[in-house]
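Notes to accompany the following structure.
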Amino acid sequence: MAKPMEAAPATAAVKEMRLQEGIREALRHEMARDKRVFVMGEDVAMFGGAYGVTRGLLQEFGEQRVRDTPISEAGIVGLAIGAAINGMRPIVEIQFCDLLPLCMDQIVTHAARYYYQTGGRIPVPIVVRSKFGTRPGGGPSHSSCNHGAFIPFPGLKIIAPTTPADAKGLLLSAIRDPNPVLCFESHHLYGVKGPVPDGDYTVPIGLAAVRRAGKDLTIVTCGGMILKVEEAAERLKEKKQIDVEIIDLRTLAPLDKETILKSVAKTKRAMIVDEGPIVGGLVAELAAMIQENLFSDLKGPVVRVGAHHLPPPHSGPLVDAMVPGVERIEAEALRLLGS
Amino acid sequence: MLNTAKRKEMLRMMIKVRAFEEKLNDLYQKKAMFGNPHSYRGQEAIAVGVCSALEKEDLIASYHRGTGHIVAKGADLYRLMCECLGKLDGYSKGRGGKMHMGDLSFGFLGNTGTVGATVPFATGAALAAKIRRSREVAVGFMGDGAMNQGVVHEAMNFAGLWKLPVIYVIENNLYAMTVSMERSVAIKQLAERAAAYGFEGKSIDGNDAELVLDETQRAAEKARQGGGATLLECMTYRWDGHFGGEPGTGYRAREEIEEWKKRCPIMGLKQKLIAAGELTEAEYEKISAAVYAELEAVAARAVAAALPAAEAELDSVYAREAAHG
Amino acid sequence: MLNTAKRKEMLRMMIKVRAFEEKLNDLYQKKAMFGNPHSYRGQEAIAVGVCSALEKEDLIASYHRGTGHIVAKGADLYRLMCECLGKLDGYSKGRGGKMHMGDLSFGFLGNTGTVGATVPFATGAALAAKIRRSREVAVGFMGDGAMNQGVVHEAMNFAGLWKLPVIYVIENNLYAMTVSMERSVAIKQLAERAAAYGFEGKSIDGNDAELVLDETQRAAEKARQGGGATLLECMTYRWDGHFGGEPGTGYRAREEIEEWKKRCPIMGLKQKLIAAGELTEAEYEKISAAVYAELEAVAARAVAAALPAAEAELDSVYAREAAHG
Amino acid sequence: MAKPMEAAPATAAVKEMRLQEGIREALRHEMARDKRVFVMGEDVAMFGGAYGVTRGLLQEFGEQRVRDTPISEAGIVGLAIGAAINGMRPIVEIQFCDLLPLCMDQIVTHAARYYYQTGGRIPVPIVVRSKFGTRPGGGPSHSSCNHGAFIPFPGLKIIAPTTPADAKGLLLSAIRDPNPVLCFESHHLYGVKGPVPDGDYTVPIGLAAVRRAGKDLTIVTCGGMILKVEEAAERLKEKKQIDVEIIDLRTLAPLDKETILKSVAKTKRAMIVDEGPIVGGLVAELAAMIQENLFSDLKGPVVRVGAHHLPPPHSGPLVDAMVPGVERIEAEALRLLGS
C-alpha cells in the first residue's frame, strides 16, 4: 500500500486549523475538483451543520450540491446510494452516530454489499459522516460510540481521524474511494487544532499511525481516546519510566494489522483503549486478532479498556465512571506490566 | 364551554409549563445543568390543552421537546428538575436526562431524543388497550419534523389498519431545527397525511388551549368508542432557539418571531378570561407569582440535591424482577 | 395510438417475460436452481408497458419479483438465467442470484430481497439526474407491500419535496406474501398516498400493457419537463404462489385466481391485435413458438454453464479501481 | 443462578418433536397461561409463519392475540415496545435476521436502553424471534448471520436454542424475562428432532451447555454450527484420539463466562466456531474474553473459525467456501493441537 503522507508535501504551505475545518477543507477541495461530489444532510446547508463542519459550502457551491434534508436518515443514505449508482459522489452527514441504526439496513445490507452482489459491476462510492463520543448531557440517544458495531459487516471502510491534517487527507481518500466509507468524527476532537497542508494530498485508508514510540507496551486506540492515552503515556513515563508505544488506528476497517502486529511483536504487551463498549466491538476484534497472531510473543494477555457496558448516561459522574479515563488507562497498564 | 375553574386551572398550568422552561434556561445559563434545554415556550397551549382533556389512566408519549408535556401530565417538578440537572433524585436517577424519562404513575410512557421513535410506543400502548379491552387512550406527541421518519409512517399505518385508540398530536412549530416546513415537505398541512392511513386528520390553532382541549376530547371519545385514531396538527411556534445556546434567529426572521409572540397562548386565555369577567389582572398576578415562587423553591432544592454516585449505577442495565410484578 | 410494430413487439416481450418464468420454474422443479423463483406470471403488462415507454438512458430499480422487469428492460437472457442458477456467467457471477443484480449497461440500477429497499435508489438516481441536469428518468418498481416500509415513505417525501424525475410503479397484486391489502392498509387505493408527498398518484389497470405504456410516457415526459414525480398504482395479480413451492392457494380463493387469469395481459393484447386485424392466430403461434424455443436454448446453455470456483471470490467485497473510472 | 432443567422433570411426559415445534410449544404454553402474551409479525397468523412456527396459534388464540402485520419491521418492534410498556408481553417474529437492521434503532437504542434510562421504572419485556443461517439460494439479503452484531449493545439478552427441549425452555424464560430478548433460530435446526417435556419448565438464560466432554480442546459454538462441530469432534476422536469438549452457548448475551472458562482452564486450548463473520462479532468477543482470563493457562492462541468476511452468496459453491465446514473445523483443531 502507498506510503501515507504524514506531513505536508515539502512544497505545500501549511495552515493552522481545527479538525472540524480540516474536514471542511477536504469537502471544499473535492467539490471544487469533482462536479460529482455533493453534500446532503439535516441542517448542513443554511445552518452549516449541527457542528459547523459544512459552514459556507452552500454559499460556495449552491443549493443543488449542498442540500438540507428532512429528518429521514434511512432515506438520506438510500438516496445517496442511488445517486452514487448513477454516477455521483454523495457525502452525507448523519448528525450523530446514535442515528446510524436508523439507516443501518441501507448501510450494511445494501451500500456495503452492492459491489459484491452485482458481481463487481456497481460500486457504491458514498461517504457517511457522523459524530461519536460520550459526554455529559448527551444521554442514551445522543452520546453513543457505536463505531465498533460496524466492523462485522463486510464491504464497509471505516475511518476515524484524530488530527486536522489526517481529517483532510482521510476524507479526500474516502471521497475518492469506490467503496462506501463511514467517517466517525469525535465530539472530543472537533476543536483540536493542528497544521493542515494546502492543496491536494491524501492519507491512505487502511494505514494506522504510530503517535508515540515506546518499547514496553503498545496501546492501540482511536478517536477521542487518543487524548487520554497520550496523557496516560506521559504519566507512565514520568512516574515509572515506562515507554508506551501509541498506535492511532485512523482506519477501523480494514484494520492495519501490519503496523499493529509489528509494534506488539516489539513491545510484547498490548492494550486496547476505546470509548466504545467493553463487550464486543472494536476492543474485542483487536484483542482476538493480536493474540491469534502473536500468542507466543506476548508476555501477558491483550488487555481491553473500554466503556462499561451501559447506555451512555446523562449525568456527569455517571459518564466519568463509564468512559475510560486517564487513571483507568494508567492503572490497567501498570497491572499488565505487573508493577 | 368549560367552567371557570377548569379554564383557570389551564391558565395556571400553562404558566407553570412556561415558568419551568424559564427556570431551566436560567440554570442552564448558570451551567447548573448537563446538556441543553429544548425550550417549550410558545407551545404551552398544546401540552396543557391535550393533557387537560385526558383522564388519569390515559397515556402520553413525548419527544426531545418534552418538558412541557411532562409538566402538564402531572410530573413532580422537583424530580423533573433533578433529572434535567442529572441528580439522583431525578425520575431517571440522572441516567436519562429530560429527553429520556418515563413513569407510568402519571401516565407517561416516556420520551427519547430520537425524533419520531416514541410514536410507535404510543401506538403500541393503544394496541395493548385494544387487545385487553381497557379504556385508556394513548397520545403520541411529535414535532413537524417527525412526520418524515419512516417509523412514524409505519406506526400510523398500524393505527389506521387496526383502528387503535391513539391520538397523534403534531406540534407544528414550522421548523425542524433550522429547516422550515416548506423545505421538508411538499404539502401545505401535515394533517393531510392522515388520509394516507385511513383516519381523520385536522389542522388547528395550537395556541388556543381550549380549542386543543375540545379537539382532544372529541378524539379521545371517538377512540374509546372504537372509532380509532385521530391526527391533530397543532399550528404553533417555538419562541426560543432550538436548544439552549442556539438563538433561533439565524434561520427565522425576527418579524416572524415577534408576530408569533403576539399570539402568546397564555395571554390569549388570560384576555379571554378577563373579558368574560372570570379573572382580574390582580388575580392573574397572584397566580403567576405563586407559580414562579414554587419554581424558585423547586430549583433551589434541585440544585442542592446530590449527584448519583459514580460506581453505584454500573449494573443497572438489566431488569431483575419479573416485569409488572 | 401505437403502431402495429410496437404493439407486436410488446406482445412478443410479454411472451418472453412469461416464458422466462415458466422455464425458470421448470428448472426449479428439477432442482437445477439455488433458492426459489418469484413468478411474475400475470403481471407481464406492467414490466413491458413501463419499459416500452422508457428510453435507453432511463433507469429502473426492481425488487424480489424482478425477473420480469429485468427481461423487459433488455437483459441478456442467458446471463440472467445463469444468475438464477448461480453460475459464473451470471450477471453477478452467481454471488447475488436473481434478487441481487444490477447492470447499468441496460439501465438496471439493481434489485435486492429487502422489500422497499431499492425505492430510494431510484429516487437517488433521479436526484443525480436533477443535480447534473441530465435527461434520464428513474423508475422505482415495488409491490403493494412495500408501501408500508418506512424508507419508501422517506424516499417519496424527498421526491415530492425536490420534484425529482422519478416514477414510482406499484404493482398491486393484492397480496404481500399471504397478507391481503385489506389486512395491510386502511385505504382503498395505494395511489391515494401520493397526495401525502405532493405529487400525482393514479390507479390504473395493470394488465393493460398499452395503458401502462401511455401513463408511463406521460409521467416520464412530465419528469423530463421538471414536473417531478408520479406514482402509478398498477392493479394486477400474481398467478402463481408467492415463491416456488408455495401454491398460493392457502390464502387466496380459487375463484379469485381463476377470475384474474381470465384477464391475462397477453391474451388481452393478442385479442386486441387480432380484432384490429393486425395479427393472426398463426402469426401469434409463430411468435410464441420462437420465444419459447429461444428460452429452451438459453436454459440448456445455462444448465451446462460452470459454477463459480469456490475460493476465487473470497476477496471480491471491496471495489479496487476508482469508481466510474 | 438457578440450575437449568436439562431434561424433563422426572414426572413430565416427553414428546418427540422438531425444534420448530418446541418453539411453538413455548408460545402455546405461555399464551394459555398468561393473557398478556400475544404474537405479531408478517404472515404469522393465517399462514402460520414463513417457517410454520406459529401454525395453529390463530385458531387457538384468536385474531386479537395472533396478528398478521404489514411489512413494517421497525413499526412492529416499536409497537411491541409500546405494548410492553403498557403491560403486555409481546412476541414478534422478524422473518429472518437480515431484516433486523431495519428495526435496529428500535431494538438497540430504545428497547434495550429503556429500563436503564427510566431509572429502572419501565422494563421492556419483549421477545424478538428471527431466523439466522447461511444457505445456498438465500443471497446477500436473505441469508445472514448477524447475531454477533448485537453483542456490543447493552441491555439486550440474546438466545440461540439448538435442541427442541432448549427451544421450549429458553423461549419460556425469554417470554417471562423482564428484558428485551432476541431469539435467533437456526435455519439449519428448525427440522432437528428431539424429546420435549410436557408442561412448564424453563431453561435459564445465561447458562451454556456442555454438549460433549473432552480433555484436549474446548470448542465453543452456537446455533446451526453445533452440527458441524459435533461431526468434527467425532472425526477427531476416531482418527486421532483427540477428545474435544463442546460448549453450546445457548445464550449469547450475557455470556456464561463461568462454564466457558471452567472448560478452557481444563483443556488449555480453545477454539470458537461460528457461522457469523470472522471479523468482529461473536468469535472476537469470546477469543478476547478467554485469553484475557486464562492467558497463562493457554497452550496456544484462542483460534477463531468463522465465515469468511463476505456477504452471504447465492451460489452453492460460494456458500460452501464461506461458511465453516467440518473439514475446516477439523483442520484448525489439528493446527491448534500442533498435530
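Going in written order, the chains are labelled A, B, C and D, and every chain counts its residues from 1.
Keep this in mind: a contact is a pair of C-beta atoms (placed from the backbone, for glycine too) under 8 Å apart; a residue touches a chain by one contact, two chains touch by 3 or more.
Computed from a predicted structure; not experimentally measured.
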{"item": "B-D against C-D, pair bridged by the larger set of C-beta contacts", "value": "B-D"}
{"item": "Greatest separation from subunit A - chain, by CA centre", "value": "C"}
{"item": "Distance between the centres, which are taken as Cα means, of subunit D and subunit B, whole angstrom", "value": "40"}
{"item": "For subunit A paired with subunit B, centre-to-centre distance based on mean C-alpha positions, whole Å", "value": "37"}
{"item": "Euclidean distance of C-alpha centroids - subunit B vs subunit C, Å", "value": "45"}
{"item": "Per-residue overlap in subunit D, given as positions that touch at least 2 other chains", "value": "69-70, 72, 74-75, 98-99, 102, 105, 109, 113, 116-117, 139-141, 154-155, 309-311"}
{"item": "Sites on subunit B at which at least two other chains make contact", "value": "92, 94-96, 100, 112, 114, 117, 148-151, 154, 157, 161, 183-185, 316-317"}
{"item": "In the complex with subunit D, residue positions of subunit C that touch it", "value": "33-36, 83, 86-87, 92, 94-97, 99-100, 112-117, 145-146, 148-150, 176-179, 183-185, 250-251, 307-311, 313-314, 316-317"}
{"item": "Footprint of subunit B on subunit C - complex, ascending", "value": "148-154, 157, 160-161, 163, 183-187, 192-193, 195-199"}
{"item": "Contact footprint of subunit A on subunit D as seen in their complex", "value": "98-99, 101-102, 104-105, 108-109, 112-113, 116-117, 139-141, 144, 146, 148-149, 151-155, 253, 276-277, 279-281, 283-285, 287-289, 291-293, 295, 298, 300-304, 309-311"}
{"item": "Residue ranges of subunit A touching subunit B (in the complex, touch as defined)", "value": "42-43, 46-47, 50, 68-72, 74-75, 98-99, 102, 136-142, 308-311, 313-318, 320-322"}
{"item": "Residue numbers on subunit C that touch subunit A, as the complex places them", "value": "59, 61, 90-96, 100-104, 109-110, 112, 114, 117, 119-132, 136, 138, 150-151, 154-155, 157-158, 161-162, 316-324"}
